[in-house]
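Below is the structure I would like to discuss, written out as structure tokens.
Lettered A, B, C, D, E and F in written order, each chain numbered from 1.
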Amino acid sequence: MSNLMIALEITALGMGLVFAAIILLWWIMVLLTWITAEKESTAPPLSPPRLGEMQGGDNARVAALAVAFALAQQEMENAHPLSDPPTALVSAWQLGMRTQQLYQKGERLNRQPRKIG
Amino acid sequence: MSNLMIALEITALGMGLVFAAIILLWWIMVLLTWITAEKESTAPPLSPPRLGEMQGGDNARVAALAVAFALAQQEMENAHPLSDPPTALVSAWQLGMRTQQLYQKGERLNRQPRKIG
Amino acid sequence: MSNLMIALEITALGMGLVFAAIILLWWIMVLLTWITAEKESTAPPLSPPRLGEMQGGDNARVAALAVAFALAQQEMENAHPLSDPPTALVSAWQLGMRTQQLYQKGERLNRQPRKIG
Amino acid sequence: MDLASLLPELLKGILHFTWGNALMITTALALMYLAVAKEIEPVLLLPIGFGCLLANIPMGGMTAAEGMMGVLYDAGISTELFPLLIFVGVGAMIDFSPLLAQPKMALLGAAGQFGIFGTLILAIAIGFPLNQAASIGVIGAIDGPTSIFVAAKLAPELLAPIAVAAYSYMSLIPIIQPPLMKLLTTKKERMIRMDYMPKPISQKALIAFPMIVTLVIGLLIPEATPLISMLMLGNLLKVSGVVERLSKAAQNEIINIATLFLGLTIGATMSAAGFLNLATIQILGLGLLAFGLDTVAGLLFGKLMSVLSGHRINPLIGAAGISAFPMAGRLAAKVANDEDFDNFILMHAMGANTAGQLGSVM
Amino acid sequence: MDLASLLPELLKGILHFTWGNALMITTALALMYLAVAKEIEPVLLLPIGFGCLLANIPMGGMTAAEGMMGVLYDAGISTELFPLLIFVGVGAMIDFSPLLAQPKMALLGAAGQFGIFGTLILAIAIGFPLNQAASIGVIGAIDGPTSIFVAAKLAPELLAPIAVAAYSYMSLIPIIQPPLMKLLTTKKERMIRMDYMPKPISQKALIAFPMIVTLVIGLLIPEATPLISMLMLGNLLKVSGVVERLSKAAQNEIINIATLFLGLTIGATMSAAGFLNLATIQILGLGLLAFGLDTVAGLLFGKLMSVLSGHRINPLIGAAGISAFPMAGRLAAKVANDEDFDNFILMHAMGANTAGQLGSVM
Amino acid sequence: MDLASLLPELLKGILHFTWGNALMITTALALMYLAVAKEIEPVLLLPIGFGCLLANIPMGGMTAAEGMMGVLYDAGISTELFPLLIFVGVGAMIDFSPLLAQPKMALLGAAGQFGIFGTLILAIAIGFPLNQAASIGVIGAIDGPTSIFVAAKLAPELLAPIAVAAYSYMSLIPIIQPPLMKLLTTKKERMIRMDYMPKPISQKALIAFPMIVTLVIGLLIPEATPLISMLMLGNLLKVSGVVERLSKAAQNEIINIATLFLGLTIGATMSAAGFLNLATIQILGLGLLAFGLDTVAGLLFGKLMSVLSGHRINPLIGAAGISAFPMAGRLAAKVANDEDFDNFILMHAMGANTAGQLGSVM
């Protein structure tokens, strides 16, 4: 049986296996999210709302925020390929991008303490 | 000679040795602290007083302080098991706890520079 | 041939080689700097000017600056052997020293974001 | 001994210098130039380039078995430790919530497979033995560590060219993809706006996900366990939120050191003697092809999904399905617009390892 | 070869899956649940649980001798490097000044010994050979790294159950101790307020302490040298104040990486084949007992001191004497209220190693 | 077995204690005192001192072949990994722009050679074999890692005394140099003010420099490749500006851990048995001499340049040419006033390795 035939068989089997696994994974994810759907609210501290909520805090905290923000922004500027990459897609994706950036800023803000402690 | 007898002998010897070592250690510590007692004043930079002293500094430093404090506090809040642990003992110990927390805050403040440098 | 003779030969050869390499290196450096001389202005973000330029930024950034500066200064103070070392040379060198310190402060300022991100 | 006998000793460096070395050093400088000037995968191409430089300095001894590079190779490449540690770090940087929010996107990960198997078949057609062909095919996984992991396992003799192909092409995606995108999709299709409103994912789901995936994939495709499990371990450290220290260690110390050493040692395998041969050129060719196939397959797959979804899916995301996940060294900001890519490493690694497994079976 | 011959190959993962694997995987998930949901020693139980998961995925190869876990085991467990590095980090986090301020508290460290030796005797009575019995007894040291260090030295075959017992019970202290405390002390005793006014300790004393302890203990109990000396090294790096860099490295990079790898490799030894047997159950039982004995002994010791001091000492601190020192991963904040625990590691390590020594002698 | 037979077992630590141990422990405490109280190279003298302490605790087992120190020695000293990793970190901290701004200063680096070769000749005269003499001569390089690297390669049996000499004298420079400076230069000469107005160096030059140097030196003096290339790699990581992560890892994790382990393992080789002998005393003497020679040669060289330049160069900078580059552990601030020193490591390493090479050739 020629090598090529074997290769084709591998391809058939391998891709079959991968597709099977991917579809299985898909179901698992659907199931997982469906089961845990009740208890929503993931780590509020990570989400932008916190910013607002925190501004209310004492001055010291506000200062901390200010700095963290300044740095975050600065990073955004310094970050070399921050402008959309050559493969940048339509605005829907940029929206997603920004969401995640906000998410990251939030994260950065509340990582801060750990980092310093 | 049965294993059990050996075990008992080990226990006798082992614990004797440990007690001996511990008592020796006790004396050493007493001696050590007594000898070095003259020159007191351990690393003042680490102790809260510094804070006060520093507040006198220029605004920039005060800002730095403010932030460090905000972060320190935030950490205290985020720190998961910050409330007294189930085994928390009488208030005398909580006092000790707070002392050390202050100590740590102080430490954090003057670690800052190293961290950034 | 005695060991000592060999040693002397090694010395002759070794030092000859080192001097040759050093002189070669010297030329290379001259050449290198001469070739790249056209495009001057390296990494402006690293140089003190940036500070000024940045002060113009929003308050948050100024706050960040303030802190970074405070810390930078504090470090300068804490840094144990910051006074000129016993081998410190004439003021011309101290000038160079300060230049580099400024350079470092600048660096520290714009490293900041990376550090936090 | 006199001077006459010493001179050749002193000049042995130059005397052993070959044209091959010169060529490879030029390659090394080129790689470093791409890394520094064009910022193409600098965290990997810079060390690889430098390692390649070292490998072509005659008698330097750095790349000898007992030299530093040899020591690192035995410590981290033969043991597959470096790529796996990189995966731990990458896992700690990935955010799976976008995938969990829209599970059907997982299908896009399958597109990457066409590149792998297409290349595999071609490699065999050209005459590579199965183990080598499989390793070459994995270039189509468009995922450096995976390629290195599989190559180190199945065909270490091809490690250098495969690694170079994987990383340099991975960085060429911005150049390779756009024309194919324009060619294969209509302006109307590219204009499709997808509503991005994922339902919130609970912390529980995010924490359970890496455990379940490790378990399921591990049982289905044992050979995929190492890569998947380390990726998921890193992710678990991050999402669990209770081991901040370990998560940070994975995202910094561990991945940075592993990446630096990985790059150096891979580059150090690029000695003129071992690298300059037909196989290398073939592999570079096949690698490029693999990337092309991936993109085309991804786009067609995207179009299919677009049609099936009644044009509510933008086919361009099909191309995203095949693309590389964010390399360790990229700035966090860059990760942001990779969110749709993040989701597919899993499948890449799976595909890669399935091919690897089957290849090794025979 | 045809499909018929390939299928078993493809499904070999599932075909090799045993009930034992299923049970151990459940254990692994349980450990990870405790770590994440209950935050019980997460820095160790999470990696241990994940390692256990890997160890029970058939054919995964991660826990094979040449797999990643095998490589890490040879690198850090056989060499005892990981526990020792963890000690360096722990030492750099400990503050000995409270102990130096009230040296008599050192006596409380002795209480921990009762647990060690009581368990040792029982283990022998049950029929364990001396080396194993000693290793089991050291669970009574209530100190993970010490237990692992001694077990790796005297009875590596019991490493997994001992490590699991040490860490899981260590984390059960909050559940084990309070009832015993209420049982063995009167309300009046528990109410005793101790005046906490230590005299200031000079920097000199703090710096001299680790050096002297290393020297004295090293000469008295050579077998205790490794643990004590690394603990004291870490402490010296911290208190000396002149090597901030090294102290930070010990408190972060070194301990974090060592902890992660230690947990993974320990967990990876929990394969169904090696873990599911009578010995494990006996060890878990003995370990629990050791903890109970420790607490009781500590409390009685505390009562004794309380009486001798004319009721100016709260007997509850006796229970503190036996307890675990702050694990590397705990947040700095948590360390604060452990200050009274910090002081006793020294004795634990000593007791542990004395037992280990004598056991190994015969 | 009864108590009578156990006692010697229990006291074996004390029974094996020798006067040599006592003497070495005193040395260890002295080294740690210098490190902590006088802040003399603390990052190295503290670990070295502690390692020395461990090496002289009888039966402690830390410094046995299978002990932690033995393990680290095999991992990092025999493989020369630790000194090389330190060089990567040092390179990432060096700023070559001052040297590039005034290339003629490179000549000053040559001064360091006189110390190396002068010592080499003397060592041979005293009767050391060539390989040992070369290693001793390299103390004149006034550069710890270089000395350790060469000694580990040519004469590992002398590693301990050479390392101790290199680091302790390196830290005595502030005491050794000033008197010689006053002696050899006139007040007028010392007052010469040099105009420090370097032309701006382009980023391009800074990035190209490490690549070119690695290549040129590597071809001219292959034996210098390891040290030079790692130094330049670190510098490239820093100046390239595109691999912040790797640069930081080199400046922190990598160099800190390597420094700590290097110090400990070097110290651990200072056992009374191996250290207390005539050779050690001779080496310490020769080392001191090497430093003196370096300084004198540097100053005379400086005077020569001063004259040739028409007294526009301050001869004192000649002394700078021979001096140690900033050790890894120094605070960044300290580095600032070392800028003139930074520039010369390159030559030191070259000189060191040339000597090493020639020595090893015969």
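The rule we apply is simple: a contact is a pair of C-beta atoms (placed from the backbone, for glycine too) under 8 Å apart; a residue touches a chain by one contact, two chains touch by 3 or more.
Given the structure is predicted, the values throughout are model-derived calculations rather than measurements.
Centroid analysis (C-alpha atoms only) places A farthest from subunit F. Residue numbering at the subunit E/subunit F interface overlaps only partly, since under half of the positions present are found in both copies. Ranking all chains by how far their C-alpha centres lie from the centre of subunit D, first place goes to B. Our note on geometry: subunit D versus subunit E, Cα centroid distance of 39 Å, whole angstroms. Our note on geometry: subunit C versus subunit E, Cα centroid distance of 46 Å, whole angstroms. We define each chain's centre as the mean of its Cα atoms; on that basis subunit B and subunit E are separated by 20 Å.
The set of subunit C residues that touch two or more partner chains comprises 6, 13, 17, 63, 67, 75, 79-80, 112, 114, 117. Taken residue by residue, subunit F touches two or more other chains at 1, 6, 39, 220-221, 241-242, 248, 253, 331-333, 362, whereas all remaining positions touch fewer. Residues of subunit D that touch subunit A in their complex: 39, 95, 97-101, 103-104, 106-107, 109-110, 113-114, 116-117, 120-121, 124-125, 130, 133-134, 173-175, 177-178, 181, 190-196, 199-206, 208-209, 212-213, 216-217, 220-221, 241, 244, 248, 314, 316-317, 319-320, 323, 331-337, 339-340, 346-347, 350-351, 354-355, 358-359, 362.
In the complex of the two chains, the subunit A residues touching subunit D come out as 3-4, 6-8, 10-11, 13-15, 17-26, 28-30, 32-33, 35-43, 75-76, 78-82, 84-101, 103-104, 114. Here subunit D touches subunit F in the complex through residues 1, 6, 9, 12-14, 17, 25, 29, 32, 35-36, 39, 42-43, 46-47, 50, 53-54, 57-62, 66-68, 71, 252-253, 256-257, 259-260, 264, 328-329, going by the rule given at the top. By the touch criterion given at the top, residues 79-81, 84, 207, 211, 214-215, 218-223, 225-226, 229-230, 233, 236-237, 240-243, 245-246, 248-250, 253-254, 361-362 of subunit F touch subunit D in their complex.
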